[in-house]
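Accompanying notes for the structure given below.
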Amino acid sequence: MTKTAVTFRLNGAETAIFVDGGQNLLDVLRRGVGDLSPKYGCGQGGCGGCSVLVDGTLRLACITLAESVDGASVETAAGLADGPRLHPLQKAFMEGFAAQCGYCTPGMLMAARALLDANPDPAREEVVEAISGNLCRCTGYEPIIDAILAAAADLRGGAAR
Amino acid sequence: MAIHKGRGFACVNYPIGMNLGGDPSQALVHATPDGKFMVTLSSIDLGQGMKSVTRQIAAEALGVSVSDVHVDTADSDTGPHCMGSFASRGTHRVGNAVIRAATEARAQLLEAAAEEMEVDAADLVTDGSGNIHVRGAPSRAITVADTAIAAQFRQGRTLAGRGIFLVPPSDADPETGEMSPVTCFAHAALVVDLEVDDETGEVTVQSIHSAYEVGRALNPRLVEQQLIGGAWMGLSHALFETTEPVYPERDPAPLDFNSYVMPGPGDIPDHHVAVLERPAPDAPYGGKGPGEMCANPVLPAVANAIYNAVGVRCDTLPITPERILRGLRELGGARPGGWSGGNFGGTGNPNGAEPRTGSGDGAGNGHGDGHGTRPAWMATGR
Amino acid sequence: MTTFEMRKEYFADERPEDLKEIGRPTIRQDILGHVTGRSRFYDDHLFDGLLHMRCVRSPHHHARVRAIDASAAEAMPGVRRIVRSGDVPKNLNTLLSLLGFGRDDEPLITPETVGYRGEPVLAVIAETEAAARAAVRAVRVDWDVLPHVLDVEAALAPDAPIVNSEYPNNSFDYHDRYDHQKLRFGDVDRAFQGAERIVEGRYRMSPIEQAPMETCGAIAVPESNDRFTCHTSTQALFFSLATTAKLLDLPSAKLHFIGGTVGGGFGGKVDSVVEPMSVLGAQLTGRPVKFMWDREEEMQVGAPRGAEMWDIRDGLDRDGRIIARRFTGYFDAGAYTRLSSYAVVKAVGHLPGPYTIPNVAANVYCVFTNRTPATAMRGFGITGVDFAIECQMDRAAEAAGLDPVAFRILNAYRDGDMKAHRRLAKNTALIECCQVAAEKAGWPLDGTALSQSSLSGGGGARASVPETATDGEGRIGERRRRALPAEPLAGSGPRGRLPEGTIRGSDVAAAPPQRMDMGPGSGPDLESFVVPPLPAAPSPATGPVPHQPPIAPSTAASSPAAPATPTAPATPATPAAGDSMLAARLRRSRFLAGTRRR
Amino acid sequence: MITVETFDTLAAASSAMAGAGSGNRAGAGGSCYMGGGTLVMRAVNYGDGDFSRILRSRDPALLRIEPDGGGVFIGAGATMAAIAGHRETAFLAEAATAVGGPAIRNMATLGGNLFAPPPYGDLSTALLALDARVRTADGQETPMESFFARRRMTGPLVAGVTVPRPEPGVLRFRKVTRVRPKGVSVMAIAVRLPFRSGRLAGVRIAFGAMGPTPVRAKSAESALEGGGLEDARIARAAETLAHDLAPADDALASAWYRQAVAPVHLARLLRSAREG
């Protein structure tokens, strides 16, 4: 089988790997590179469990052709924390009981991160829209929406200080 | 077009644990050399909070801080048997097993402390934050850590416990159905307020006011997670979900989340929850598992609210816009407040609507007289 | 918006508040792993040389495999192993065999006749998932398509296709005796005759997918110590381990199962299909093998909560008390038993809902149809009938002209009441929940409803078990006898086409008293048998018996002309066989015995 | 096994595709052009595409959104997010935003939307209502309607569309879904309602998910043409829909339901247009 070399930055670290034709980014991140934070939920682009940022843009890794990220910067939930220091979103999800089984959480965090990067002061409806491609089967979404709003407030406060 | 408001009620009880018993769970507890405790299970945490609630139960039963307890699960080589995480059995069965294991470990802890302090173990109590002292004399104390070190390195004593909980198996009688299904029940009641679009059959659920009796809320935030998420799933089952939309035909069959629909983050109603606690005598600190029963009352309450709104009895799940629309067509249009009336309510009626006396003429006649006036209970809540 | 309040004033004197850790909103132990993406779910383990296993599945609801040609698939690049039904050492199981409940009826990989669309007949193990998929597509199966049945009522008809050869009546066998589980408490038919109002309803629900965000899966790894480690998404670790040991005929000591961090389950991860598949794959290849469902499989092949249908008939007195309630329930099990048989028993134990009703009867069927087998889901055995009951309660309240909440409080069970399954109610709190929910919603209740309590008003006369009418209707095979093969069916005992209520001599040992009068918790009082008034029975003499309403039509208010009381044969008193049956069940139980039998 | 070929220009990709004797999607040669991947990669993941070769192009022209005569040219590679966020295509923002969640909108392209089977194709429905023209790699332009009538995976690759720019408020869009805020279409409706001297002139009404491709409701257009948005006229237009729509049953809704509520949703959309 033909392999294609792909080079990209993963959470800031240079990464190079050979991929199969048609292989998706989720598979490459998980099995190839060993970043297990994005999750397989459907392989259809329908659940958001594999949400990652590619060059700062929210994408679904399971329907991203792996070789299309050659030269790009990929960010995953594994890169959210700064060493032991959690990102405000992580803290807010933790304190707000915004995860139960935790399987949707990494994807949800990346969707929220994409929102807050673009819009530090979102209205509730904007949060709802931002996570509308990310499914959660446990929480009923309410705690997740609250946590994202709390993190936004935290981030704004942090910026002011 | 018209949007019709409706409100519906339902209440349920829910059996806790596997039906007919025979579903044991075990737990092991042991101390590390300096008095931290490991709880070893083979139970599954699938989001309901098994690791967290058993940790709190163990801490309580041991008399130590939750930060000094860690739950390790699930490895069949190290964790003793557990029947599994289903049937709302986790808190009840595993929790009881953990209490037993922790109680045995605690007894050893107190004996070890008593030996160090040269007092009677029966006179010792724990303060829940790492100290053991003589009852009524907090200054006559030893730390849990020192006790554990002494037990291990001086006394040669283990601080460990084993626990099992089993509701003995039973059977159902073939002729009468006599049986001992479970030992305790959780309870719930709720009111759903919604709107029905009588031209499209679309339903918008606006609010839920609920009361859930859970024995004891061992961790109120975990209980809240279950109740809020469970009510969401109840709405989903009431209005959205099916693998066979035209059951019993198998097609069309949803194959993805675009066609297997569930309420999105924009479909979430307000939910005002009250939790009542009537501890079950045989449950860990009285706690009953809230994880399954929370969804159940939502389904019929939604159906009843739709009937209240437009007079269509929705007896088939899920209650899709199509089913409602077909019902409306059969009915010849919406019959809001569809209900044949009765003499009830009267006190604190926020609408000021007069109670009516209806025909009460029996089954299925949901739309007798006086559609224009709503019974008091139909009034929109706060 | 969510609000959350603890109503500590209720049951305060039953609840010591001296606890330190219990009741605190302690943060979840697993939350740091969840928010950092480092929680290890089953698939979050990496193995060199991991192989991928996928199934060839039936496109038909019911079909026989004439031949399978896997030669092209076998020759494809990356394909390591074709796995055939013959590779499964003990290729027949029923999940609840671990409890000694039901007969083995389902293969892991089906050798010949498939009973549902999606049933596996072959598996492929390959280097990549893509290679496995390509190989699956290259397998050619020659199918002999058979007639199928999808509707529960049609499946119970005499001439319906046989879905599951182990249960040729298309219904699960209860107690080696009946084609349904019974509940009999008091005498509903007599009570209907005295009822002021009759309320009836039929309620249905279609199958529901548990839809955990993590699909079902397992990775099995051959270890250097001649064991297999299995990382699994199971909800029941030892259940899956024991099922795997049984199907693969492996000593359980060879299996090391690891799980416990699961991406949602909701009942869909009890079935223990993925674990034996992956371990089998690891056995056959000597390499780590992953078997997981994609989302399409999760939705259509993974067992859903089954469909149900409930008929409820209520009789109300003048005051709006429910004096009789009768259920006929149908659980659509799909092609194999899985857990549906047990859901039926659980549902029967739950009837008639949280209400005190002096006369209750139910016949509940576990029906086989040609669809994906059903299994557990959040609310197992209860959600469907609770929907039916609570819709019915609104209908009945309407018929009685009562406020729906007040009507429920009027009929609610209270401490000390006898339930239909003959155990006393305790620790009840339905009334208080009704009151609090109504209060929060601003739903006005009258003084009577507000003054009620679960703690009072129960017991006394409500604590007794009423004189109960029983019957022998629904013996195994009665319904479909004419359509089935002539030879006797295994496990169903001696039978003949006898009128309902007739009990043959050879059946007497297992036959029940026809009417029993029991005090709370007591055994049957052998002195008090009387000949029961049985409901009107269908004539046994007329041709193929169409599926009758399992409890014969009542003769209440709506048709007052027929207070049918056919005489039934009196029968000698024999105590119910519950104890001996339990013993048999325990003897059969592999799980309780704790060891695997050879 | 899949091979992927990436070309610097659309023309090169198009001739490679033509050389393979196939078209935009799976053709005789088993080649498939991939834009954003939302549909193609799903098929790859599930192994159910009938192609073994994926063609891509990194031609920057595919991403262009720019004025073109009296209208706008949108490159086939422009994503929903790009269209929703671009000043030149602000009139399409509502329809582009109706597609998927944010991640899908960052990936899904105009080109893919033109070929998406129902219940997808919301943006294409709006483009049909606007009488856009599909431009192919060979420079030819085809009206949307003819494009949909002959839509197949053969022929030259699509370079983009040119869209006549509607006056503000002239394009009205409505998506009916089961799930909020985002679900796939029970139906999508796009109407172009240009008024000239108080009368409608050049009405176009398009429905998505009401047939194998987005489709015009021409009888309803005629009912409105030359008049205003009076209730009676709206009712008359709504009544005619059954003639022009041919929805299928799917897991979201039956054909019966779609037909039953299409007049309701069209009438609501028209009334809301009247009310501004």
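Lettered A, B, C and D in written order, each chain numbered from 1.
Rule of thumb we're sticking to: contacts are C-beta pairs under 8 Å (C-beta built on N, C-alpha and C of every residue); 3 or more make two chains touch, one makes a residue touch a chain.
Remember, predicted model here, so these are calculated numbers, not experimental data.
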item: Chain pair with the most C-beta contacts; value: B-C
item: Rounded Å distance, chain A centre to chain C centre (Cα mean); value: 39
item: Length of the line joining the C-alpha centres of chain A and chain D, rounded to whole Å; value: 29
item: Centroid spacing, where centroids are CA-atom means, of chain B and chain D in whole angstrom; value: 46
item: Centroid distance [mean C-alpha coordinates] between chain C and chain B, Å; value: 20
item: Where chain B touches two or more other chains, by residue; value: 46-47, 49, 221-222, 224, 228, 230, 233, 245, 253-254, 256-258, 260, 262, 264-266, 271
item: Shared interface positions of chain D, touching two or more other chains; value: 1-2, 44-46, 181-182
item: Residues within chain C bordering two or more other chains; value: 2, 28, 30, 77, 130, 211-212, 261-264, 266, 294-296
item: Chain-level touch network, classified as line, ring, star, complete or other; value: complete
item: Residue ranges of chain D in contact with chain B within the complex; value: 119, 176, 178-184, 249-254, 256-257, 260-261, 264-265, 268
item: Residues on chain C engaged by chain A in the complex (per definition of touch); value: 2, 27-28, 30-41, 43-44, 46, 50, 77-78, 128-130, 211-215, 261-264, 266, 294-295
item: In the complex, chain A residues that touch chain B; value: 42, 44, 46-47, 97, 100-103, 125, 127-129, 131-132, 135, 137-145
item: Footprint of chain D on chain A - complex, ascending; value: 1-2, 4, 20-22, 24, 43-45, 48, 51, 57-60, 62-65, 67-68, 111, 114-115, 125, 128-134
item: Complex interface listing, chain B residues touching chain D; value: 1, 199-201, 240, 245-246, 252-254, 258-267, 320-322, 325
